[in-house]
Structures are given as structure tokens and as C-alpha cells.
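Across the two complexes that follow, subunit A remains constant while its partner is subunit B and subsequently subunit C.
For the complex of A and B:
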């Protein structure tokens, strides 16, 4: 019954969303308010119906209704109940439904929050959002239906279908439970409970700015209203996408067992591409808000960001390139490619059309190469360059080599380590300079004066690193550049606090809090920059100074690596976990400077019921802020287990990557915090604006 | 002197002379320098990708096939092959996909240079675009008085229109 409810809800949602598109557009063109409102209500109804479908699938998973083929494919009776919840996005059909659900929730949020304030944009924005929803609902209904059920045909053949085939019978759940597959082992990790939803929220969130941008082009309201309507949504999407990427890194670090967190895997990169584009957009949009410039460019960026989101989804789910994420592959590749291509083409044509009408003229021109807007343009250029390099390495080279050279070029870490560090260094350098430049115009001497204190602090930091024994030129240069960005962010906050202490006679903590509350966007931005700096410190440390060694040890024997000693104490083979996995666990003691500091238990998990991917290497780690002592169980002597081979990594400062991520998230939330409405004599009133227009209109 | 050497002693001498290089060789392989360690194998394996798995470095891949390939690297190192020779051998057998960037000159150049060409092209187009627009803006500026509030005014106007 639950499958029928889910299927019917999805079918009705598809009809409601199509109706919503037609009525929103037609009502707006004919200026018929009732029709437009009907379209809006249909969009809200779509949200309710998709919610019912999602709940239905979740209930089927929890109640172990194995006659639903999706439930059978991602769960089994031995699976803990926690993973029954996360199994909702454990495979293609469920994750598509979950994706659609997140999308309709965002859509409903945008409709409810923006309908009154941005009435002119909303009908078109709703139509665009619903158009994307229609596509995903169609995928769910016709290609990847999560409500397909198992049927036994009269000739004994077993098929999965949403509707009952003639003369078919349903097998019992108990019988199906015996063969149920269970969740992919890679997904049986706490990180998987959070990483995919965060990533989906990030991806899908960019639909709202995109829809507002398209609505602005369609309606002709090309003022900054679409930016104001979508800024918060863009920030939310960026926050979740950042969180998704960081959690993805953490998951890879814990589960994939190779000692790192970013392998430049094509699917990792596919999620990184919209982040790069979205970050460029978040910076660039400020120029339009402040100076009425880069209108075409911002529109292009918002299109490109969402286009990259759809491309990333296509790349992940189609098997376009080989990746560790290949478990999500299916037959939806072509429709997704077609949708991505059509959507991007229509958006770009619409943009070009409006531009050719002269409706995207900038209000000002660039006056000065050191002005903040010029430096933001440079920032955008660097993000675009990074986008090009990452896109080429992940997709451009493999696809074009196969198409035109009849060979298969796969570019790996080697390529990315040769091409991206320069661009990252330039971005960090710019992060250190741009916040100190002023809008409109800044002289070199003024900018130089602002930089004196941060530069002194940076030099002191570099000297400190050198005094600590750092002698690698690359590391010294990298840390100097990253430190400058960090000191500028902290110095700007410090200057603000000192100014408030002087003018308002506040204590430092009150001054800091009031400063942030007064301009959350600015200081949230500095906090985000500081988070990125902390991540940078972690990445540089863990990349340039990683130490690794592999040894085979006998029980009681030790190996030395750096100033650590690792002693192999015990081996516990064949431990059976609650979820049915069989674990072979080694126990080792980590000794530092002669003192035992931790016990680590690296293990190899074996999933007997899973045929595709049935072993996992789980690291044992001793984490401190200074480094991670990360141990992998590579192999062992089958019978006695007396000898086992361990691979040990010392990853310096790796934990700063996660802490930096946390600071970045806090900073973004701070920037999202609504600025208090201040009514002062300097506020611009409509009456004040009109005389100002007289000269130009 | 040689004529006085007993045949048995001569035989022992010959055996000793023949065995010395072998003993020295065995001693060398066990003195730590000659033995191929896991780290030496991994140094090379991490520069290669598993020929059958997907984007997984050979040193991190847990499949039995990769175990065999790592063993092969060990044998090749023991046979005196250099890192470059071993990588070349893998590329010869499995193609460029086993390395992070292609080894052959043309595909390598194509891989490394193409994005920079695209970036440079983008830069040139942007500069050209900016220069053209500056000229246009200058001519518009000659006609229009400078105004800083156009966008803000438009926002208000659009909001009024939308009610």
C-alpha cells in the first residue's frame, strides 16, 4: 500500500508542477492574478505531494517492505535502524527522490518568503523552479522509480515494476528478505548520514538564485531586485555546499583508507566546480549591489553555477568518467545531459537577448586598477581559471582524448598538483589585499599603508616558522601568502573592535559582538576568509609534510616513524558486528618519545552479503591538533595472524582542515544573520533619489 | 709452488673463490640497502593508478590484482630497474591511464597547456571587451551627467510597479 501511495503522489506531483508552470507563465503574461495564484498554489501542492512520496519511501525502508525493489536493494534485516534512515539516499532512485524533495522544499521556501517582497519576479521564478522539478520528477517516475515492486510473472520470471503486470503475484517480504542486498558498505558511515544531504542542499539551493536570475531576464526587471531576493538563498546554498565538500573530505579520510581527504577524483571535482562558480558569484554580486556594475557577468555566473550543479549531477550519476563514486551510475545519463544542455542554452540565449536590448548596461565603469571592484574582478578571473583547470583535468581531457585522439587520458593528482597551486596562491594573495582596498578608487600608497601591519605580522610568522625548523622553500612561500590573508582578516576585525572601544567605550567582547551585529556581512566575510586560511594551513601541512611508511610486524614488534614508535600488540580476527560485517582488527600502541600515547585499532571489514564491494579498510587514528597518526591494516598472515602489514601516515596539521571548515561555516552563518534596520539621516529615501535622477533621465 | 698444491686444497680454493662473490652478494642484499622495502615499492606505486580500478592510486588499492602489480614493482626494483623504467613499462602495457599525466610528449603538452591557453584566451577576450566598453562608456559619459543612484532608483521603481 505504501508503494502505491508514494507512486500516486509522485504522479500527481508531476501533473501539479506542469500545471504550475503553465499557469504562472500564462497568468503573468495575461496579467491574471487569479491564474498566477493558482500556479503558486500548485507549486506548493507539488511540495506536499513530493513530501508524501518521500515519507512513503522512508516508511517502506523502516518497515522493511522488501517487495519494494529499492528497499530490497539498499537494506537487509541485519542492518541497524540508523542506516535504514540514511538508505533513503543510498542508491540512485532514492537519492533522486530525496534530491527532488529538497528541491521542492527550497521552492516552497522561496515562494513563501519572497512572494510579497518580489511579486513581479515570483511567477517566472516559480515557473523556472517547477521546470527543473518536472524534469527530476519525470526521471523518478519513468527511469528510476523508487516505488517499483517485485512481481513474479506467470512464467516464473521476477521483474520490478511500479504497476502490476497481468497475472503477476507479489513475493512475500520474508522470502525477499533472505536475498536483500543491504546498503553499499562505503555508505555505512556516519559521515554518509550528513554528507549527501548537505551536498544536495548546496546543489539544489543554487536553483533559487538561478530561478530569480531567469525571472529577471524573463520579466524585464533587471534591477538588483533579483540579487536581493536571491542573496540569502545563494549564501545558504554556498554554506551547505561547503559543508558537503568538507564532510565528503572527512568521509574519504575515514573510509576510503588512503591517508588523504581530497584525491582529485572526478566526482569530488564535479562538486567543487559549482562551489568555485558560486564563490565567484557571491563576490561579484557585491559589485552590482554597491556600484551597479557587472550585470551581464553576474547573470552569466548564476547561470553557470546552476549549470555546473546539473553537470555535476550528470557526471556523478551517468558514469561519464570513472570514479570512486561509480556506485551511483544508471541509465539516466542521456536525459540528464539533454536537460543540462537545453537549460544552459535557453538561459544563455535569454541573457544574450536581454543584453542585445541594452537592458544590462552598467551604471559605472572601472576607474582604478586597485579599486575593490577591480580586485573582485581579478578574484572572479582566478576562480574562473581554477574552474577551467579543474574542469579540463576532470572532464575535458578524458572526454576530448577519447573523442578526438582515440586514446584515454585520465589526469590525476599529478596534473592537479602542477596546475592548481599557482591559482590557489594567487587567490590567497588577493584575499590578503582586496579587503583593504576601497570601492571606486584606491591609491597604491594608501593600499600599501593599510598593508604595513599585516605584512609585519606575516614576516614575523614566517620567521617563527623558519626558527621552528621549516626549511622547505615551497612551504615557506605558501605559509607566508596564507598568513598574510589570515592576518588581514584578523587585523580588520581588530581595527573595528578598537574603533568601537574608542568611540563607544565598550569592553572588547561587547565591541566585537556589536561590530559583528552592525555589519554581519562584512565581518562574517572576514570570518569566512579566516576559515579558508586555517584550511589552507592544514592543507599545506598535510600535503607537504606528510610522512608515510609501510612495514610488516610480528606481534610485539615495533616500527619507528618520525618521532613515533608503533607497537603491534594483538590481532582479533573474525569479529562479527551488529550489522553482519566481519571485522579483522589489529591492536597497536602508539608511543611518542618513549611514552604510550594512544591505542589504535585499524581494521578490515568484510561484508559477506554484498557482492559488488565487500571489503573496507578502516583506519585507526590518533588525532591531535599537531597531526594525525593514521594507521591502516594492509594485510596479515591468514592462519596465525602473527605477522601483519601496516601502512602508517603522519598527517601534520590535517585537523586544521576540519576546524577551518567549522570557522568557515560559522562565518557564513554570521554573514547570513540579518543586518539590523537602521533609520538614520544618511539612509536614502525615495524622495532623495528622484532629484538625483534628474540629471540623467 | 703451484705444482706442490694438493688437488684437494686446489679444489677447496676454487670453491672458495667461486663462492666469495655469492657470499658478498647475499651479504649485500641483507645489509638493508639491497632489500627492497615496502616504502620503496609504494614510492613508485603512488605515482601509478590502478589499471583496472577507478582513479585509485596503485599504492592505496586493496584488490588482489593491485597486490600482484605491487609485487611486480618489487621484482622490477630487485632486477635493478629504475623508477622511470618501471613507470614506462606500466604505461607501455596499460596505457597513459596508469599515470597522473600522460608520458608521451604530445598528450602531455595537450593536457598541461590547454587550460592555460583557455585562460589566456579568456583574459584577452575580457580585456578586449573591457576596452571596447570603456570607449562606449566614455561616449555615453560625455552625454550623461554622472549619477550614482540609478540602480537604487530602478529597484524602487520596480518594487512600485510590482505593487
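For the complex of A and C:
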């Protein structure tokens, strides 16, 4: 029953979304308000229907309705109930539905929050959003239906189909429960439970700025309205995308057991590409808001960001590239490619058409090399360069070699390690200088003067690192560049606070809070920069100074690595966990300078019910801010287990990557801080009274 | 200072500004070209340095020129050939050539391991913890070189199970399992 409800809601949602596109566009062209409103309501109805379908699938998962083939493929009776919730995005069909659901929620949010404030853009924006929804609904309905059920045909063949084939019978529940597959063990991790939703929220969130941009082109309202309407949404999307990337790294670090968190794998890169483009966009729109420049370019960036979101989805789900976490090769590859291509083409053509009408002319010209706007352009250039470098390495080179040279080449991690550090270094350097330059024009000497204090602090930091025994040139240079950016961010916040203390006679804490409240974007931005600096310090430390060692130990024996000692104490084989996995656990003590500091328990899990992938190596880690002591159990003697082999990594400063991520998230949230309601004595613009989401972030 | 000098400097300032602007435009152009050149050079040199050809086991074995060259290959793992030395962390196993024309990865892998005439290649990898996915009928993607002794010395091993995210039919899950 539940499968029928889900299937019917999906089918109705497809009809409602198509209706919404037609009425929104037709109503707007004929200036018929009633028709437009009908389209708007149809879009909201789509949201309700997709929500029903998603709830239906979730209920089917929780009630263990194994006759639904999706439920059968991602769960089994032994699974703990928490993973029945997350199994919703455990495989292709479910995750597509989940993706569509997130998309319609965003759409409804945009319609409800922006309809009044940006009435002129909304009908076209709604139509654009619904067009993307239609495509994903069609994929779900016709190619990857999560509501397919198992049927036994009269000739004995077993098929999955949404509707009952003639004369077919349903297999017995008992039989299905017995063979049900269970969730891939790799996905049974807390990080994996929240990493995909975050990433989807980030990906899908960029639909809203894209739709607003396209609506501006379609409606002819090419003022900064579309940017104002979409600013909050772009920031939300960026926040979730960043979170998704960081959580993905954390999951890889905890579960994949290779001591790292980023491997330049094509699928990781696919998710990184929209982030690069989106970050360029977030910076670039500021020039248009402040100076009315780069209008075409910003439009291009918003198109490119969403286009790379769809490309990333296509690359991940079609089996285009060989990767650890690509989905199985599937039928949705071609339709997705086609959709990506047409969508991008239509958007670019629309943009070129408006440009040729002369409607996207800039209000000012660039006239100073060190002005804030010029440095923003440099920022954009660097983000684009990184985008191209990463794209070429992961997709460009392999695909073009196959198409044009009839060979199949890949560029490994080496390629990325040779190219990206330069560009990252340039970005960090720019992050240190750009916030201090002024709009329109800045002289080199003025810029130099404002850099004096941060430079002194940076030199002090570098000397501190050298005194700590760091002697690698690469590391010294890298840390110097990164810490300059950090000091600039902190120093700017400090200067703001001091100025407020002086002029308003406030205590430091309320001065800081008021400062943030007065200009949340600016100080939130500094906070984000500081978070990125902390991540940078962590990445440099864990990349350049990782120590790796392996040894076979007898119980009671120790090994020395760096200034640590690791003692093998005990082995507990065959521990059965709640979810049916069998764990072999080794217990070791980490000793530093003669005193035990921690016990770690690396283990090997065995999943007896899984046929394809049934073992998993889980690292034991001792984390401090200074480093991670990361131990893997890689083998042991089957009978006595007196001897066991361990692989040990010491990852210096790796925890700063996660802490930096946290700062970045806080900073982005700070940028949402609603502006205070201004008293009538000060100049009031109506828009400043509207809270963050409505466009005054 | 008199008014006169003020006016004079005003005029010359305007001229200077225009000159400066023209000068700056050239700077923008030169700077842009230099930056672009640097990025292109970076990508070009890194590409030529780290290009690895992805070839089949058949192509690798049938061309003597390939001995010693770093290549990337993919093959179907034959389960009972896996020898894992957990003390020294070495893995020794054999893969069969995968005929990619069948379209479906699971079928291709099944056919590869069960085809007695498919080219087989012994693979040896050092300093590698046995990956959880290294098992019968998994697809192994390896980077390394073919030695004079006909063994493929891998430096990187990536594994993929066709059914990880895909779906199989209930009745077949038992038959398919070996």
C-alpha cells in the first residue's frame, strides 16, 4: 500500500510541476496574476507531493517492507533502526528521491520567503526551479523508481516493477527478509549518515541563485535584485557544501583507513568543483553590489556553479569515472548528460542575448591595480584557475584522451600535488592582502602601512615555528603565507573592536557583538577566512609531516615511532555487536615520554550477512590538537592471535582541519546575523529591516 | 601657494590620471597574460609528468615495449590466488583480463574469472594493507609496471565491487555468490 502511495504522489508531482512551469511563464507573459498564482500554488503542491513520496519510502524502510525492491537492497532485519533512516540515501534510487525532496523544499522556501519582496523575478524563478524538478522527478519515475516492487512472473522469473505485471505474484515476505542485502558497511558510520544530506543541501541550494539569475535574464530586471534575492540562499548552499566536503573528509579518515582525508579522487573533485565556482561567485557579487561591475561575469558564475553541480551529479552517478565511491554504471548517465548540456547551453545563450542587447553594461571601469575590485578579480581568476586545473586532472584529460587520442590516460595524485599548491598559496596570499585594500583605488604605500602589524605578527609566528624545530623550507614558506592571512583576519576584527571601545565606550565583548551585528557579512567573512587559515595549517601539517610505520608485535611487546611508544596489550576476538557484525579488537597503549597517554582499539569488523563487501578495518585513534595517533590492525595469527601487525600513522595537526571547519561554519552563520532594526533617527532603508534570509545579509 | 598653481596642478593631475589609467590597463593586460601563462605552464608540465596510460591486461602483456613503463590496468581478481603476507604487508594475487564489451560490469567480471582462455596476470604489491574489497570477482584497478619476470608490480591498488550500489535480483544473490 505504502509503495502505491509513494508512486502515485511522485506521478502527481510530475504533473503538478509541469503545470507550474506552463502557468508561471504564460501567466507572466500575459500579465495574468491569477494564472501566475495558480502556477505558484502548483509548485507548492509539488513540494507537498514529493514530501509524501519521501515519507512513504521512509515508512517502507522503517516497517521493513522488503517487497519494495529498494528497501530490500539497502536494509535487512539485523540492521539497527538508526540506519533504517539513513538508508533513504543509501543507494541510487532512494538518494535521487531524497535529492529531489531537498530541491522542492528549497523551492518552497524561496517561493514563500521571496514572493513579495521580489515579485517580478518570482514567476520565472519558479519556472526554472520547477524545470529542474521535472527532470529529476522523471528520472525517479522512469529510470530509478524507488517504489519498484518484486514480482514473480508466471514463468518463474523475478522482476522489479512499479506496476503489477499480468499474472504476477508477490514473493513471500519471509523469503525476501532472508535474502535482503543490508546497507553497505562503509555507509554505517555517523559521518556517512550526515555527509550525503549536507552535500545534497549544498548542491541543491545553488539551484535558487541560479534560478534567480535566469529569472533576471528572462524578465529583463537586470538590476542587483536577483543578487539581493539570492544572496542568503547562496550562502546557505555554500555553508552546506562546505560542511558536506569536510564531513566527507572526516568519514574517509575514520572509515577508509588510509590515514588521509582527501585523495584527489574524481568523485571528491566533482564535489569540490561547485565549491570553487560558488566561492568565486560569493566574492564576485560583492563587486556588483558595491560598484555595479562584472554583471555578465557574475551571471556566468552563477550558471557555471549550478552547471558544475549537475555535472558533479552526473559524473558521480553515471559511472563516468573510476572511483572508490562512484555509483554503479546506470541508465541515468545519458539523460543526465543531456540535461546538463541543454541546461547550460540555454542559460549561456540567454545570457549572451541579454548582453548583446547592451543590458549588462558595467557602471564603472577598473582603474587601479590594487583597488579592492581588482583584487577581487584576481581572486576570481585564481578560483577559476583552480577549477580548470582540478577539472582537467579529473575529467578533462581522461575524457579527451579517450575521445581524441583513442587512449585512456589518468592523472594521479602527483598531478594535483604539482599544480594546486601554487594556486592555493596564491589564494592565501590574496586572502591576506585583499581585505585591507580600498574600493576604487589604493596606493601601494597605504596598503603596505596597513599590513605592518599583521606582517610583524606573521614573522613572529614563523620564528616560533622555526624555534619548535621546523626546518623544511616548503613548510616555513607555506606557514608564513597562511598565517599572514590569519593575522589579517584577526587584526581587522581587533581593530574594529578597539574602535568601538573608543567611540562607544563599550566593554570588549559587547563591542565585538555590536561590531558583528553592524556588519555581519564583513566580520562573518573574516571569521570564515580565519577558519580557512586553520584548515590550511592542519592540511600543511598533516601532508608534510605525516609519519608512517608498521610492525608485527607480540602481546606485551612495544614499538617506537617518533617520540611515542606503542604497546600491544590484549586481543579480543569474535566480539559480536548489536547490528550483527563480528569484531576482532586489539588493545594497545600509547606511551609518550614514559607515561601512558591513551589506549587505542583498532579493529576488524566482519559482516556475516553481506555477500559482496563484508570486512571493514576500523582505525583506533588518539587525538590531540598537536596530532592524531592513528593505528590500524592489519593482520594477526588466526589461532593464538599472539602476534598482530599494526600500521601506525602520526598525523600532525590534522585536528585543525576539523576545528577550522567548525570556525568556518560559525563564520558563515555569523554572516546571517540579522541586522538590528534601526531607529528612525538614522537613515532607514526598508530592506534593512527585513531579516537575513530575505536578502539583507 | 597661489590659486594659479592649484589650477595648473589640477590640469596636470587630470592628464596624469588618464596616463595612469592607460598605464594601468596595460598592467592589467600584462599581469593577466603572465598569470595565465604560469597556470598553463603548470598544468602542461604536471600533465606530461604524471600521465599514466590506462590499458587492458591483454594490451599490457602483448606488447614487449610496455615492460618497465608505468601504466594503469584493470582486471578481475581471482579469489583463491590471493596471498597476503601480513607481517611484511605484501599481497600477491592474479587478475584476469576483462573484456569490457559486455557493458555490464558484474557480468564482465564474472565472465573474466570463469573464462579459462582469458589472459591472466600475476600482481605483486608491497607495503599495502589488504583492502577490504580485495576478493573474488572484484575489479582491481592498479597502477604500476610490468617486470621482466612477467609479474605486475603495483604501487597503487583500487578496488570496486560491481554490486556495491547496484542491485541484483533476490533469487540470484545466492547463485551469484561463489
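To be clear about the criterion, the second predicted complex is superposed on the first by the 673 of 697 C-alpha atoms of A that agree within 3 Å, B and C clash if a C-alpha of one lies under 4 Å from a C-alpha of the other, contacts with A are read in each partner's own complex, and residues count from 1 in each chain.
Basically, a contact is a pair of C-beta atoms (placed from the backbone, for glycine too) under 8 Å apart; a residue touches a chain by one contact, two chains touch by 3 or more.
Only a predicted model underlies this, so the values are computations on that prediction, with no experimental measurement involved.
S.K.: Based on the superposed arrangement around subunit A, label subunit B with subunit C as either clash or fit.
M.R.: Because the two structures are overlaid on the shared chain, the partners are seen to clash.
S.K.: Just to be sure I read the superposition right, which of the two partners does A:419 touch: subunit B = first, subunit C = second, or both, or neither?
M.R.: In the superposition, A:419 touches subunit B and subunit C alike.
S.K.: Pick one for A:292: touches subunit B only (first), subunit C only (second), both, or neither.
M.R.: The first partner, subunit B, only.
S.K.: Figure out whether A:369 sits in contact with subunit B (first) or subunit C (second), or with both, or with neither.
M.R.: second
S.K.: Between subunit B (first) and subunit C (second), which, if any, makes contact with A:228: first, second, both or neither?
M.R.: first
S.K.: Applying the document's definition of touch, where does A:580 land relative to subunit B and subunit C: first, second, both, or neither?
M.R.: In the superposition, A:580 touches no partner, neither subunit B nor subunit C.
S.K.: For A:410, using the defined touch cut-off, is the partner it touches subunit B, subunit C, both, or neither? Pick first, second, both or neither.
M.R.: Both partners, subunit B and subunit C.
S.K.: Just to be sure I read the superposition right, which of the two partners does A:259 touch: subunit B = first, subunit C = second, or both, or neither?
M.R.: first
S.K.: According to the stated criteria, A:389 is in contact with first (subunit B), second (subunit C), both, or neither; which is it?
M.R.: both
S.K.: Just subunit B (first), just subunit C (second), both, or neither: which does A:119 touch?
M.R.: It touches subunit B, and subunit C stays clear.
S.K.: What stretch of subunit C clashes with subunit B when the complexes are fitted on chain A: 1-9, 109-117, 127-135 or 163-171?
M.R.: After superposing on chain A, the clashing stretch of subunit C is 127-135.
S.K.: Show which residues of subunit A both subunit B and subunit C reach, each in its own complex.
M.R.: In the superposed arrangement, which is not itself an observed complex, subunit A uses residues 257, 322, 324, 366, 381, 385, 388-389, 392-393, 397, 407-412, 414-415, 418-419, 550, 552, 615, 617, 635, 645, 647 for both subunit B and subunit C.
S.K.: Looking at the complex, which residues from subunit A come into contact with subunit C?
M.R.: Answer in residue numbers: 69, 72-73, 91-92, 150, 158-160, 171, 175-176, 179, 181, 184, 257, 319, 322, 324, 327-330, 366-369, 374, 381, 385, 388-389, 392-393, 397-398, 407-412, 414-415, 418-419, 422-423, 550, 552, 611-617, 632, 634-636, 643, 645, 647.
S.K.: Help me check something: in the complex, which residues belonging to subunit C touch subunit A?
M.R.: Counting only subunit C, the residues touching subunit A are 20-21, 24, 27-28, 31-32, 35, 39, 42-43, 45-47, 49-55, 72, 74, 84, 86-87, 89, 104-105, 127, 129-130, 132-133, 141, 143, 156, 158, 160-167, 169-171, 173-174, 176-177.
S.K.: Taking the touch rule as given, give the residues of subunit B at its contact with subunit A in the complex, in rising order.
M.R.: Checking each residue of subunit B against subunit A gives 37-39, 42, 47, 49, 54-57, 59-60, 62, 67, 95-97, 99-102, 107, 110-112, 114-116, 118-119, 122-123, 126, 130, 133-134, 137, 141, 144-159, 161-163.
S.K.: So in the complex, which bits of subunit A are touching subunit B?
M.R.: Where subunit A meets subunit B, its residues are 118-121, 221, 223-225, 228, 256-259, 263, 265-266, 288, 292, 322-324, 326, 362-366, 381, 384-385, 388-389, 391-393, 396-397, 401, 405, 407-415, 418-419, 548-552, 615, 617, 635, 645, 647, 684, 686, 689-690, 692-693, 695-696.
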